[in-house]
Amino acid sequence: MSIKSDSNKLLSFGVRIIAFSVFPMIWFLSQAILFREITNRIPRALLIFLAITIGSSFIFFLYAGMNKIISYAPKSYQEGLYGAMFVGPAIFLLGLFLFYPAIRTIYLSFRDKWGENSVGLDNYVWAFSDKIMQITIRNQFIWLVGVVTLAIMIGLIVAYVSDKLQKGEAVFKSIIFLPMAISGVGSSAIFKFIYAYRPPPLTQIGFLNGLRVTGGNDDMGNPCKNNIIENGRKIDYVNDGCTQPIGWLQQRDLTKFTSFENVTPDDSFFSWLVNFPLNTILLMIIMVWMYTGFAMIVFSAAIKAVPTEITEAGRIDGASEARIFLSVIMPYVKSTIVVVATYLTVTVLKAYDIVFVTTRGDFETNLLAVKMMDEFSKFLHFGRASTVSILIFISVVPIIVLNVFRNKEDEAL
Amino acid sequence: MNYTQKWYDKPISKLILISISLTWMFPYIGFLLSSFREPDAIKQAAWWTSIFSGQIFTEFTFENYTEILFAEDLSRSFFNSFAVVIPSTIIPITIAAFAAYAFAFIDFKGKDLAFLFVIAMMIVPLQMSLIPLVSIMNKGAILFGLPIIPELKITGTFVSVWFAHTGFGLPLATFLLRDFMMGLPRSVIESAKIDGASHLTTFYRLALPLSFAGVAAFATFQFLWVYNDFLVANVFLGINPRNQVITSHVAQLTVGNYGEAWHLRTAGAVVSMVVPLIVFFSLQRFFIRGLIGGAVKG
Amino acid sequence: MRKSLIGLLLILSMVAVACGNSLEGQEVIYFGAPATDGPDGQAIQSSFDQFTEDTGIIVTYVGSENFESELLAQIEAGNPPNIALWPQPGTVRAQAEAGNLIPLEDLGVDLEEYRSNFSPYLVGLGEVDGVPYGGAHAVNLKSIVWYQPAEFDSRGYAIPDTWDEMIALADQIVAEGMTPFCFGMYSNGATGWLATDWMEDIMLRTGNGTTSYDQWVNHEIPFNDPIVKNAATYLSQIMHTDGYVVGGSDAIVSTFFGDAQNPMFERDGNGNPGCFMHRQASFIPGFWPEDAKEGLGTETTFFPFPDMEVPSDTVLGAGDMWAVLVNDEATQAVVDFMLSENYFDAIASDVAGTGSTRISAHIGFDTSKYWSPTTQKQADFLKAALAANVFRFDGSDNMPPEVGSGSFWSEMTELAVQGPGYIDTALDTIEKSWP
C-alpha cells in the first residue's frame, strides 16, 4: 500500500513537472521554430494567413495534450493535477518572460555602468540624491495620485448618473470611452496640438494659447486677439499690453501668470502654489482623459449589478440619493474600485509614450519609465537603468498588499 | 423601469453629463478639423477662427490623407499589424482563461502562492523585462550553467512579438478573468463536478461560455493595447520596414521633428485611430455586457 | 495527440537551413536616427539605388526616432543591424569601447587612404586608442547666421563682421521697433543643444581660440574657468537683452528649434519680418516652410559667424558617423562604396527630391555636384577648413554623455530661463557633473 502511494506521489510529481515545464516548453519551442523557419520561405500573404490561423490555434494542442496525460494519473490526485495543468503554462510563461528578466534587473541594479563590477548601493544612493531623480520621483507621485483619483472620481460620477438615464446612456459612455481606443502616441499628438506654442508674431494655433491672447486691450486700447493671416496679409492683434502666449509644456511653475508674477518662492505663503508644476499636470491630464473611460465602464457594470430592490427599498424609506450612493452603492463597488485602482496604478507606472512624445522629460516633466530608458539608451548606464526600474517595482508593492487583503476578505465571505 | 420623474431625470444631472462629454470630445474636434485643412491654412489661422469666419469650407481638402496613405505602402503595415494583433490577443487569453478557471474553481496546493506570483508579475515594468526578453528570444537562457532555452534567433519574426505580448498581457488577463469567474455562480460549476464532468469539459462547456462576455471584454482590451503599442513591436520585429506595423509607421510620420507638419501629424494620427475605433464600436456590446457579468459578486 | 506533437517537432527539427552564398540578393540593414520617411532618410536610401543595381546587394536604410534605445536592444539581444549611423561620434567611441563595433581595418579599409580622404581630424573622432571604428559620413556647418539680403539692403543694414557690429546692428533694429534674432531651442529630450552650439562658436573665438576650445572639450580646463564664463556672458547678452529675441527670452526654451526661423519668413502689417538673423546649422533649410525652401540661396542665405576677441578662420561643424556591427562580405562591399568619392552623388544632386542639404565629409568630393548653390558654398567653406585643419567638431558631442547630452544641455536651458545671474551656478553644476 505504501509503495503504491509512493509511486503515485512520484507519478503526480512527474505530471506536475510535465505540466509546469515540459509541455509549455514544447509549445514554446515548436511554435518558435516553426515560424522562424517558414518566415523567409513562403510568400508574405501565406505567412500572414498562417500567422493568424496557426499562430492563434496552436495553443489549444498544449492543453489537449496535458489533459490526456493527467487522465493516466490516479483519481485521487487528479484534482490537484488539473490545477497544475491549468495554471502551469501561465506560471511557466510568466517565469520565463517576466520573472527571470526581473531577477536579472535586480542583480544589475547593484552593478556598475556596464554591469561588470559590483558597486553596492551606489545606484540607490544616486536615485535618491540626484536632483533630476528627485524631481522624477515627485512627478511620478503626482501622476499616481492625480490619475488614479481623477479617473476614478469622474468615472464613478458619470457611471452613476448615466446609469439612470432612460436613453442616451450609450452615447455618453462611448464619448468618454473613446480615448481608450487610441494609442498614447495619438492622444499625445491631440493634446500637443491643444498646448501648441508659436513665438508671438505667429498665429497661435494651440487652443490654450488662443484663449490666452484673446481678451483685454493693448496699451493703445485696441482689443487683443489672435494674430491671423488673411488673404496673404498678416494682421497683428497681440501688441504690447496683451497677454503673451506661453509654452505650456515648459512651465514648471506659475510665475508666468499675472496673479503670481510678483510672488517669489520664499516670501509668501503662496509659495507652494507658485511651484505648482503646471506642465506635469497638463501631461497628466492626457492620461486622465485616456483612462477615465475605463474606470467609468467598469463602475457602470458594477452599479448595474446592485440589486434594484435594495436601492428602491432605500428610496421608499426616504433615504437621500447621496445616502443611497454612500451606504448602498459604495459597499457594492468598493472591491471594483480596488480593481480599477490596481489597474490604473500599474498603467501609470508603465506610462511611457505620453512623456516620450511630448517633452521627453525636459523641464522637469520626467517619469520613472522614461528616465529608465534614458539611463539605458542615452547615458548607457545599465546599473542605474535597472535601479530606476526597481523603484517602479517598489512603488507598486502597496497596491499588491491591498489586493492580497481583498482576496482574503473575498474568501472570508 | 417605469419610474416617475426622479432626481436623475432632472436637468442638473444631464447638465453634468453633457458638460463632461463635451470636455471629453473637445480635444478631437480641432484635431480632426485640422486634418482636413490645407497645410498653410492650419498655420495662418487657428481652427476656431476659421470656423467662425466660415473659411473652413473653402480650405477643405483630402490631400493630407492622400499624402499620408498613398505616398507610402500603408497596406503592408496594416496586414503586419493584423498578423501581430490576432495571435497576440488569442494566446494570452487562452492561457489566462485556463489559469483563471483553476484559481477560481480548483483547489490545489500552492494556489495562493501561484496567484500572488501572477499579481506580482503584473507590476514588472515592461521596460524592465524588454531587453532580457529579447536576449532570451535570440540567445536563449542559461540557468545555473544549464541551457534551459536553446539559441532560437526569432526576433524579427511575428512569433517573438506574440510571445512578448503574451508575457506582458498575461498577468492582467489572469487577474481580470479570475475576478470574472469568481463571480460566476459556484453552484453551477459544483453541480457539473458532481455529475462527473472533468475540469476540461466543465471549462469548455460551462465556464468558458458563461464568461464569454468577460473574455470578449478582455479581448477588446488586449486588441487595442497590442494594436496601439509601438515600443514592443519595434523592439521585437526589428528595424526592417518589411515588418513595420501600422503604429510605428504612423508614429514615424507624426512624431517626427519635421517642422510644423501639423497637416501630416493630424491626418496620420486620425488614420491610425480608425481600426481601434471600428473594433471598439463593433465589440462595445460584448465589452460592456462582459463587464456587467464580471461585476456580479458580493 | 502526444505522438502527433512529437512528430511535428521532429519534422521541424529536420528542416535544414540552406543558403546560397553569392552577394547577389544579400541584404544589408543600415540603421540610423534620421527617419526612414523623412527627407534625410529618403536621401540616404537613394544613395544606394545605383549600388544595388550594380552589385545586387540590397541595402535597406531604416531610421527611427527611437534609434538609440532600439539599437541598444538589438545589440543586447545579439541581433544588431549591419551598419549603424550615429548623429554623435562620441557614441561611436562608447560603443567601440563596449566592444560592439568592428574596426575598419578588419573590413579591409585602407586606413592611409581613408585618413587622407576625410582628414585625420574627422577620422580621429571615431578612433579608440588609435584604431578607427567610425566612418565619416556627412558634415554640416554651424558657424553661420541665416539672413535675408533683401531685408538688409532695403534698410541699409550691413553684414556684421564682428560681434560688436552684430550687437550694434541688433540695437539699431530694436531701436527701429523690430526684433533682431530668431532663437528657439526646444527639442524633444535634447532641449539646450542650440545654446551649446552658440557657446562653442563663441569659445572658438574667445580666450585662446581653438587651443582653449580643445582644452575645454577635453576637460583640461574646468567648466567654470573664466574663459568659459566669459563665453557664457556673451551668449547671455543675446538671450537676455530686452527685445533681442522673438517673443522675449521666455520664448527661447518654448520654441521648437525647427520652427524658430519661421518669423523671419512672415511679414507684419508694416512689411517687416519677425526677425532678421538666425544662427543655425546648414541643415536647417530642411525645416523651413515649403515656399521658404524655394528661396534658399536667393531670398534667404547666410553670413559667417562674426569675429570676436580672437580673429580666426575656425569653423564649427558637426556630422554623423557610421560604424559596422556585423562583418560579412556584403557589408564590406557597402563600406567600400560609402568611403568612395561618388557615394554622395545621389544625395548631393537630390535624386530623392527631398531638398536634402547634407554635405559629404569626403574632401575630394566635387562640390559642383550639390544641387543648391548655398550648399555648394557651405561645402567649399567646410572643405577648406578641413584641409587647413581649422574645422572643429561640435564640442558637446565629444564630451561624456553625462555632460554633452546631459548637464550641459539642461543647465543652458536653465540659464536661458533664469537670466544672466545664473551663469555661475550653471557652470559650477556642469563642472560637478563631469564624470
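We call the chains A, B and C, going by the order they appear; numbering starts again at 1 in every chain.
As a convention for this text, contacts are C-beta pairs under 8 Å (C-beta built on N, C-alpha and C of every residue); 3 or more make two chains touch, one makes a residue touch a chain.
All values reported here derive from a predicted model rather than from experimental measurement.
Ranking every chain by how far its Cα centroid lies from the centroid of chain A, the top place goes to C.
When C-beta pairs in contact are tallied for every pair of chains, the largest tally goes to A-B. Measuring from the averaged C-alpha position of chain A to that of chain B gives a distance of 12 Å. Mean C-alpha position of chain A lies 36 Å from that of chain C.
Shared interface positions of chain A, defined as residues touching 2 or more other chains, are 29, 33-34, 198, 202, 229, 357, 373, 376. Among the residues of chain C, those touching two or more other chains are numbered 72, 188, 259, 262.
Multi-chain contact residues of chain B (touching two or more other chains) are listed as 43, 130-131, 137, 153, 156, 231, 251, 255, 260.
Note for the complex: chain A touches chain C at residues 26, 29-30, 33-34, 37, 61, 64-65, 68-69, 114, 132, 197-202, 229, 233-236, 244-247, 249-250, 256, 356-363, 373-374, 376-380. Listing the residues of chain B that touch chain C in their complex gives 39, 43, 72, 130-131, 134-135, 137-139, 153, 155-156, 231, 234-235, 238-241, 248, 251-253, 255-260.
Within the complex formed with chain B, the residues of chain A that make contact are 28-29, 31-36, 39, 45, 47-48, 51-52, 55-57, 59-60, 63, 67, 79-87, 89-91, 93-94, 96-102, 104-105, 154, 157-158, 161-162, 164-166, 170-186, 189-191, 193-194, 198, 202-205, 207, 210, 226, 228-230, 289, 292, 297-298, 300-302, 304-305, 321, 332, 335-336, 339, 342-343, 346, 349-350, 352-353, 357, 369, 372-373, 376, 386, 389, 392-393, 396-397, 399-400, 403-404, 407, 410, 413. Per the touch definition, chain C reaches chain A in the complex via residues 1-2, 5, 8-9, 12-13, 15, 17, 68-69, 71-72, 94, 98, 182, 184, 186, 188-191, 246-248, 250-251, 253-255, 259-260, 262-263, 266-269, 274, 401-402, 405-406, 410, 413.
For chain C in complex with chain B, the residues that touch the partner chain are 29, 31, 35-39, 60, 62-66, 70, 72-74, 76-79, 81, 187-188, 256, 258-259, 262, 287-290.
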